[in-house]
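The following blocks contain the structures, represented as C-alpha cells.
Same chain, two partners: subunit A is paired with subunit B first, then with subunit C.
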Partner chain A sequence: MDRTDEKSFSCVVNGEYTVLTGADTTPAIVALRAHGLFSVRETCGIGVCGTCTVLLDGEPVSACILPLYALDGRTVQTAEGLEEGGELSDLQQQFIASQAFQCSFCTPGFLMSGQALLDGTDGPLDDEAIEDGLQGHLCRCGCYAAIKEAVRECSAARTCSRAGARG
Partner chain B sequence: MIQDNIDNTAGAGIPNPNRSIPVATGPTVGQPVDMVGARARVSGRVDFALNAVVPGMTHARLLRSPMPHARISSIDTSAAEKMPGVVAVLTAADFDRPGAPARYYGAVLRDQPVLCGEKVRFAGDPVAAVAAETEEQAAAALLEIEVDYEPLPAVGSVAEALAEGAPLVHEKPPLPREASYADIKFHGREGNVCTKFQLRSGDVEAGFAAADHIFDNTYHSPAVQHLTMEPHVVLARFEGERLTVTSSTQAPYAVRDTLAEMFGVASSKVRVIVPPIGGGYGGKTYAKFEPVTAALAWKARRPVKLVLPRDEEFLSLTKHAATIRMRTGVSSDGKLLARDVQVYFDAGAYTDISPRLIKNGGYSTAGPYAIPNVRIDSYAVYTNLPPAGAYRGYGVSQAAWAYEQQMDEMAEALGIDPVEFRRRNLLTEGERFATGEIMREAHWRELLDRTAEAIDYDTDRRVVVDEHRVRGKGVAVILKSTITPSTSHAAMRLDADGSLQVLTSSVEMGQGAHTVLAQLAAQPLGLPVSAVHVTEPDTQYTPYDQTTSSSRTTRAMGGALTSAAHVIREKLLKLAGDLLEVSPTDLELADGQVVAKGSPGVRMSVPEVFRRTRTGSISGDGEVITSGGLDPETGQGIASDHWHQGAAAAEVEVDLGTGKVYVRHVHSIAHAGRVVNPKLARLQMHGSTVFGISHALYEELVYDEGILTNPNLSDYSITAMGDMPAQLEVEFLEDEGEAEIHGLGETTLPPVIAAIGNAVRAAIGAPVRTLPITPERVLEARNS
Partner chain C sequence: MQVLRPQTTADTLRLLADGGEDTKIIAGGTALMLMMRNGLVMPEQLVSLDRLSELDRVTVEPDAVRLGALVSLRSIERSAELATVLPTLSAAVGLVANHRIRQRATIGGCVSEADYASDPPAVLTTLGCEVHVVGIGTQRWIPLSEFLVDYYQTVLQPGELVTEVRIPRPSPTARTTYLKYISRSAEDRPCVGVAAHVDLDSSGRCTDVRVAVAGATATPFTVVAATEACRGAKPDKTAWDEVAAAYSAAISPIGDARGSAAYRKHVTGELVRRALQTASTGTENGAFRL
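And now, the complex of A and B:
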C-alpha cells in the first residue's frame, strides 16, 4: 500500500470512538488487527469460513472482504467488546460451560454470529434456527455439537446480554 | 537388541517391555474441569503466534514455482531488491558458503531445499523469499523476480513414478540425516522409491493354498489438506549468532535441532518458543517454514515474520494419497488365513516423515485381526506433488479404508454377518499381532459390539425409504500405534505459596494438553488445578519432548509429570514428617495440607512446611522413555509401546437420483483406559468424527498436470455444521481402578471413514473403493 493512499475512517468500535487508517480498499480485518483487535482472524480470506466475523451495526459481516471505507460512520463490534464491566457475556460463559472450542481460532466468529442470532430472536431456538444463524462458519477442530449446545442453552435461558443493541 | 528376542516361527510372540504409569480417578483426574485459559479463548485474547510483533520486524513472502518439475536456468533478483520497502531477497545462491546456512533439511532425509537451486520438484516449490517493511511490499517485490525455467517431464502419481523409465524426482537417493529417529530404517531406495517397509510373518503362500476363498481388491485414498484455521506462522530473529524463533509448531525440539544443524551452531544457540497454536492435526510437525524464515532473518539482519497465505497452506503438506492392493485368503467358516498387501503411499516431492508413516501405515494393514500369515510391502514413492507427511490418523485412515471395506465385502461373499465375521478374527488378549508382538488389554470385540449395538446394527441394515432414497448401516474397527521408541521429559517446581510451575514442551493446540497435564500434575500433590501453571514450550527452559503428535501427550508427558510430582511429593512429605513427627508413609496430601492418615487433626499447610523448614521451592523431574523397534527385513518386533483401539458405526441415507450421501447417525468408541478430562476427551472424539465425515465424503486435493486446482476454501470443502449427523455419540471404554491412559486424539477418525463407506455399500449394494465418496462415485458404483 502506498502511504499517500492512506485515509482516516471514524467509527465506533466496541463502544469507543475510533479512527482507523488505511486505503479505501484495505480489508477491514487488516485495520482492526492493526488497532490491536486480535480476536479478528483470517482463515480463508474469501468470505466463506466466518472466522473473521465482526458485527457491523449489529449484523455479522466478514471483515476479510469488507473494505475499510464500509466502516466509516458505523458501529463495529468484535469479541473483545462482548464483555461488560469485566464480566463475560452469557454466551461466552456458556461457550466455556459447553466447552464449545478446542483451538478457539474460530470462536470469536461463532460468538459474534451467535450473539447476533440471539439478539434478533426471542425464546428458545431449535437446531434448524441455530444452523441457519451460524451458516457459513467453519470449525476445523469439529466443535459443532458443543457450539450448537451453547447457543441452544443460551437461547433457552434468554438472559443473554443484547450485545448488538449496546453498540 | 530387540531382534535378539525374535523367533519368527514361534507362536509365543514378543513380550512388550513397556509399562505406563497407571492413574486412578481422584479429585482432579477424571473431572470435567474447564480448559485452562478458557476465558482468554472466548474473549479472543489467546496470544497466537499470529499476533506476535517485535521491534524492527519485517514481513516475508515466498516466490513459488509455477511448474511441477523444471530446471532453474537463472534467477534475477536485481529489480526486486530495488523495490520500495524491500530489506532482503533470498535465493539458493545465499546458502552453502562459509558462514552461511546449509540449504537442505529434513527430519529423516536431508532432501528438501529451503529454496530451490538447480531444480523445482513440485508446483509450489519455493525458489526465492523476500523480507520487506510490509507484506504488500514483499508481495509486490515477488513480481519483480525473474526466474527462467526449463520444464522437465513430471510424475503426477505413484503409477507414473513407478513406470519404466519414469523421470526421477531426485536424481540420486538423498542422504539420511545423521540424527534421525531410532525406529526408522531404509529399504529399497532406488528410482522414485523414497523407501519401503516390509513385514513377513508366517508362510503366506501356504496360507493362500489352505484358503477356500481369496479376495483381491484395490482401495484408494486421496491427498487431503490439514487446513488448520491458524496458518503456519514463524517469527525469527537473531542476536549475534543466537537465533530465537516463535513458531506455530507441534515439535519445538525437532525445529530447534533442524535449525541448529542448518546454521552449524550448537543447539543451545537456537531457542524455539511455541504459543498456543490454532490447530495442528499433524501439519505442523517437524520443521516447516522455520528454515526459510530464519535464513531470511539471517540475511536481512532484522526480525522476519512469515504468515503463510491460505493458498500456500494447501501446498505446505498433505495427507498421503494411498493405493492399497489387498489380497486376503479366508476359510469357508470365516477365518482369515493369509494376507498379502502392497501399499503405495504418495510421498510427494520430499521425504518429510514418510519413512515412519509408511511403516506404521504398512503394518496397520493387517488390521486388529489375528492373521497367521502376512506379507506387507509398503512404499513411499516420490512424485512431483506437494510433500505428504504426518496427518491425524497417520496412515491408519488409508489402511483401515482398505481392510475394513474388504472385511464387509468378504463377509457378504461368505454369507456371514459382518460383525460376526470380525468377531471370529479380532485379536484377543495375549494373541500375536502381525509384528509378532503380544497384544495386551485387547478390547476390540467389546468396542465392536458396543458400536454395533449403538446403531442397532442387527435390524434394518438396509431400508428403502422411497423410490429415491435408501438407508444403510456400517461398522468398522481399527488399531493404531504410537511413536515407539519415544522420549518425554518434564520438570516442575512447587513454590512456597503452594503453587506448582509445570515445565513441559508439549504444545497446546486446542486438544487441551495443558489442562489434562495440569490435572495429572495436581493430583499426587493434593492441589487444585487452579494452583498449577503450565509453561508454554520454550526450548531454553522446558525439557525435551519428542513431538506433540501420535496421540502421545496425555500418556507420555502425563507419565513424566506424574513421576515428577511423586518426586516432589516425597521430598515434601519428608520435610513435613520431620516437623509433625510422623513417618512420611503415614502422611497424605489434600487441599494444600499435609495430613496424617487416620488422624486428620495432625496436619500442616504446605506453605507452613516451607516456612518452618526455610525451604524456597521443591523441584522434581520425570521422564517416559519407551523402547521398541522392528526388524528391517521381517517387520517383527515391538511396533508400539501400547495400542490405540477404536470402533465406529454409521447410518447413512443415499439419494439414488443425485448420488448424495447424508450421514444420519455416527457412534464412535475408543478404549481410553483412564479418561483424565471427560469434557475435553469427548471433544477430541467429536473432532475425529468431523474429520472422518469430511474425509469420507468431501475432501480431495485435485491436481491437473501437477497443478493444484482447488487451493481455497470455496473449491475445497470440509464438514460444515449442516453436514453433521442428527445423532452423534461418542463413548469411552474405561478400566476399573488404577488404569493406563490411552490417547484419544485420533483413534476414532479412521473407523468413522470406513464405517461410512460400509454404510454406503450396504445402502446401494455396491462398494465405492475410492475416497471421497462423491455423488458421481456413488452413481458410478450403482450403475456398474
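And now, the complex of A and C:
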C-alpha cells in the first residue's frame, strides 16, 4: 500500500477512544491486529469462516472484508473487550466449563457472535435460535455441540454481561 | 487509492462523473472488498454510499414497497412490516450468506453486483421489481429482468447509480415461494434456486404464474411461454409437471464447483415442480433451504 494512502480513523475500540491507521480500504482486521488485538484472526479472508468476527456498533461483521473507513466514528468490540475488571465474561467462563474448544482458533469469533446473540435476546435459547445466531462460524476441531451447550447454559443462567455491553 | 464519502446523491453523481472510468461505487463492500483483496479489480478511486442516509430508507406504499439502495439485507430480513408485505423476499434474503455478510450487504449492491449465484434477484424478478437508475440529469425505472444483462453485467453506464428498487405489492390472493438448493456448505450461494408466484381466480384456476431460476444461468431464468400457458388451468400436478419439463428443457445452465450443467438441468425441473407445488398447496409463503 502506498504510504501516501495512510490515514487516521477514530473509533471506540473496546470502550477506549482509539486512532487506527491505514488506507481507506485496508481490511479492518489488519489495522486491529496492528493495534495489538490478536483475537481477531484471519482464516478464509472471504467472509465465510467467522474467525475474524468483531462487533461493529454491536452487530457481528467479518473484519477480513470490512474496509477500515467503515470504522470511522463507530464502536468496535473484540474478544479482548469481553472481560470486565480482569474477569472473564460469563460466556467466556462457560466456554471453559463446557470445554467448548480444542485448538481455540475459532473461539474469539464464536464468542463475539454468541455475545451478540445473548445481548439481542431474553431468556433461555433453544438449539434453533443458537444455530441461527452462530451461523457462518466454522470450527475445524468440531466442537459445535460444546459451543452450543455453552451458549445454551449461558442463556439459561442469563447473567451474562461484558464490559461496555452494546455500543 | 482513496475512498470519497459524499453525503448527497447529487454530490455522488458529480464525483462519479469527475472520476471517470477508474472510479467505482462501494456500498457494503462485501463483494468489492473480496474482489480487491484478490486483485480482481483495482479501481483508482471509490465513491462510498455509506453516508447517503437518503438511500437507507424503506417506504411501504399502498401499491408497492420501495427499498433504498443502501438498505441492508439484515434490515430487510429483520423488518416485521416487510415480513408481512413481502414474506418470501424477506425470508429469501435471510438465506443469503451469513448474518455478518447480511449486516453489511445492501440491496443496491446485491442487484448491481449481478452475480449469477445470488438468491434475491430471482425472487425480485417474480415480484416484478424495477430498478431506479440515476445519472446527472437522467433517471429511469428499469425492470430488474432488463437491468441484469449477463454474468456480472448490468445496463448501468459509467456515472450511473442505483438509488432504489421498487417492488409492487403482490396480489392479496397470490402465493409465493423460494426454494434454495445448496450443494456444499450450509451458508453457500445457491446451486439452483427457484422462485415461484401463483395467483388463482375465485374458481381456483391459475391467473398469474411466474417462475424464475437463480444460480444456474447468467441472469434469473424464465420461460414466460410455459408459465403463461397455465392461465385457466387447475393448479395441479399435471400443470406443474408441464412447467417443470419446459424449464428443464429450455435451460442451458453453467457448470461450476456447485454442480455440473447436466446436474443443474435436472435439478431445475425438480425444483420448479416443488416450488410450484409448495406455492399452490403450502400454508405459508416463505423461503426454504434444501
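Quick note on the criterion: the second predicted complex is superposed on the first by the 162 of 167 C-alpha atoms of A that agree within 3 Å, B and C clash if a C-alpha of one lies under 4 Å from a C-alpha of the other, contacts with A are read in each partner's own complex, and residues count from 1 in each chain.
One rule holds for everything that comes next: contacts are C-beta pairs under 8 Å (C-beta built on N, C-alpha and C of every residue); 3 or more make two chains touch, one makes a residue touch a chain.
Since the model is a prediction, treat every value here as computed from it, not as a measurement.
Trainee: Would you mind checking whether subunit B and subunit C clash or fit side by side on subunit A after the superposition?
Mentor: Pair status: fit.
Trainee: On the A-aligned overlay, A:T51 touches which partner chain: subunit B = first, subunit C = second, or both, or neither?
Mentor: Only subunit B; A:T51 stays clear of subunit C.
Trainee: Between subunit B (first) and subunit C (second), which, if any, makes contact with A:P124: first, second, both or neither?
Mentor: neither
Trainee: Where does A:P60 make contact in the superposed view: on subunit B (first), on subunit C (second), on both, or on neither?
Mentor: After superposing on A, A:P60 lies in contact with subunit C but is clear of subunit B.
Trainee: Quick one: classify A:D5 as touching subunit B (first), subunit C (second), both or neither.
Mentor: Only subunit C is touched by A:D5; subunit B is not.
Trainee: Is A:T25 touching anything from subunit B or subunit C once the two structures are fitted on A? First, second, both or neither.
Mentor: A:T25 contacts subunit C only, not subunit B.
Trainee: Looking at the overlay, does A:Q135 come into contact with subunit B only (first), subunit C only (second), both, or neither?
Mentor: It touches subunit B and subunit C both.
Trainee: Looking at A:L82 after the superposition, I want to know if it touches subunit B, subunit C, both of them or none. Which is it: first, second, both, neither?
Mentor: In the superposed model, A:L82 contacts subunit B only, not subunit C.
Trainee: Which partner does A:C106 reach: the first (subunit B), the second (subunit C), both, or neither?
Mentor: first
Trainee: Check the contacts made with subunit A and report whether subunit B or subunit C touches more of its residues.
Mentor: Higher number of touched subunit A residues: B.
Trainee: Answer with first, second, both or neither: which of subunit B and subunit C does A:C143 touch in the superposed model?
Mentor: A:C143 sits against subunit B, while subunit C stays out of touch.
Trainee: Quick one: minimum Cα-Cα distance, subunit B versus subunit C, in the superposed arrangement, integer Å.
Mentor: Superposition on chain A places subunit B and subunit C at a least C-alpha distance of 5 Å.
Trainee: Enumerate the residues of subunit A that count as touching subunit B in its complex and touching subunit C in the other.
Mentor: 45-46, 48, 135, 137
Trainee: Which of the residues in subunit C end up touching subunit A in this complex?
Mentor: 1-3, 5, 26, 29-30, 33-34, 36-37, 46, 48, 50, 74, 97-101, 103-104, 185-187
Trainee: Which residues of subunit B touch subunit A in their complex?
Mentor: 34-35, 38-39, 41-48, 50-51, 134, 136, 227-231, 276-279, 281, 309-310, 509-512, 679-680, 682-684, 686-691, 712-714, 718-722, 724, 728
Trainee: If we count contacts the way the header does, which residues on subunit A are in touch with subunit B in the complex?
Mentor: Where subunit A meets subunit B, its residues are 1, 37-46, 48-49, 51, 78-80, 82-83, 88, 92-93, 95-97, 99, 101-108, 111, 131, 134-135, 137-148.
Trainee: What residues of subunit A sit close enough to touch subunit C in their complex?
Mentor: Touching subunit C from subunit A are residues 2, 5, 23-25, 27, 45-48, 50, 53, 56, 59-62, 64-67, 69-70, 113, 133, 135-137.
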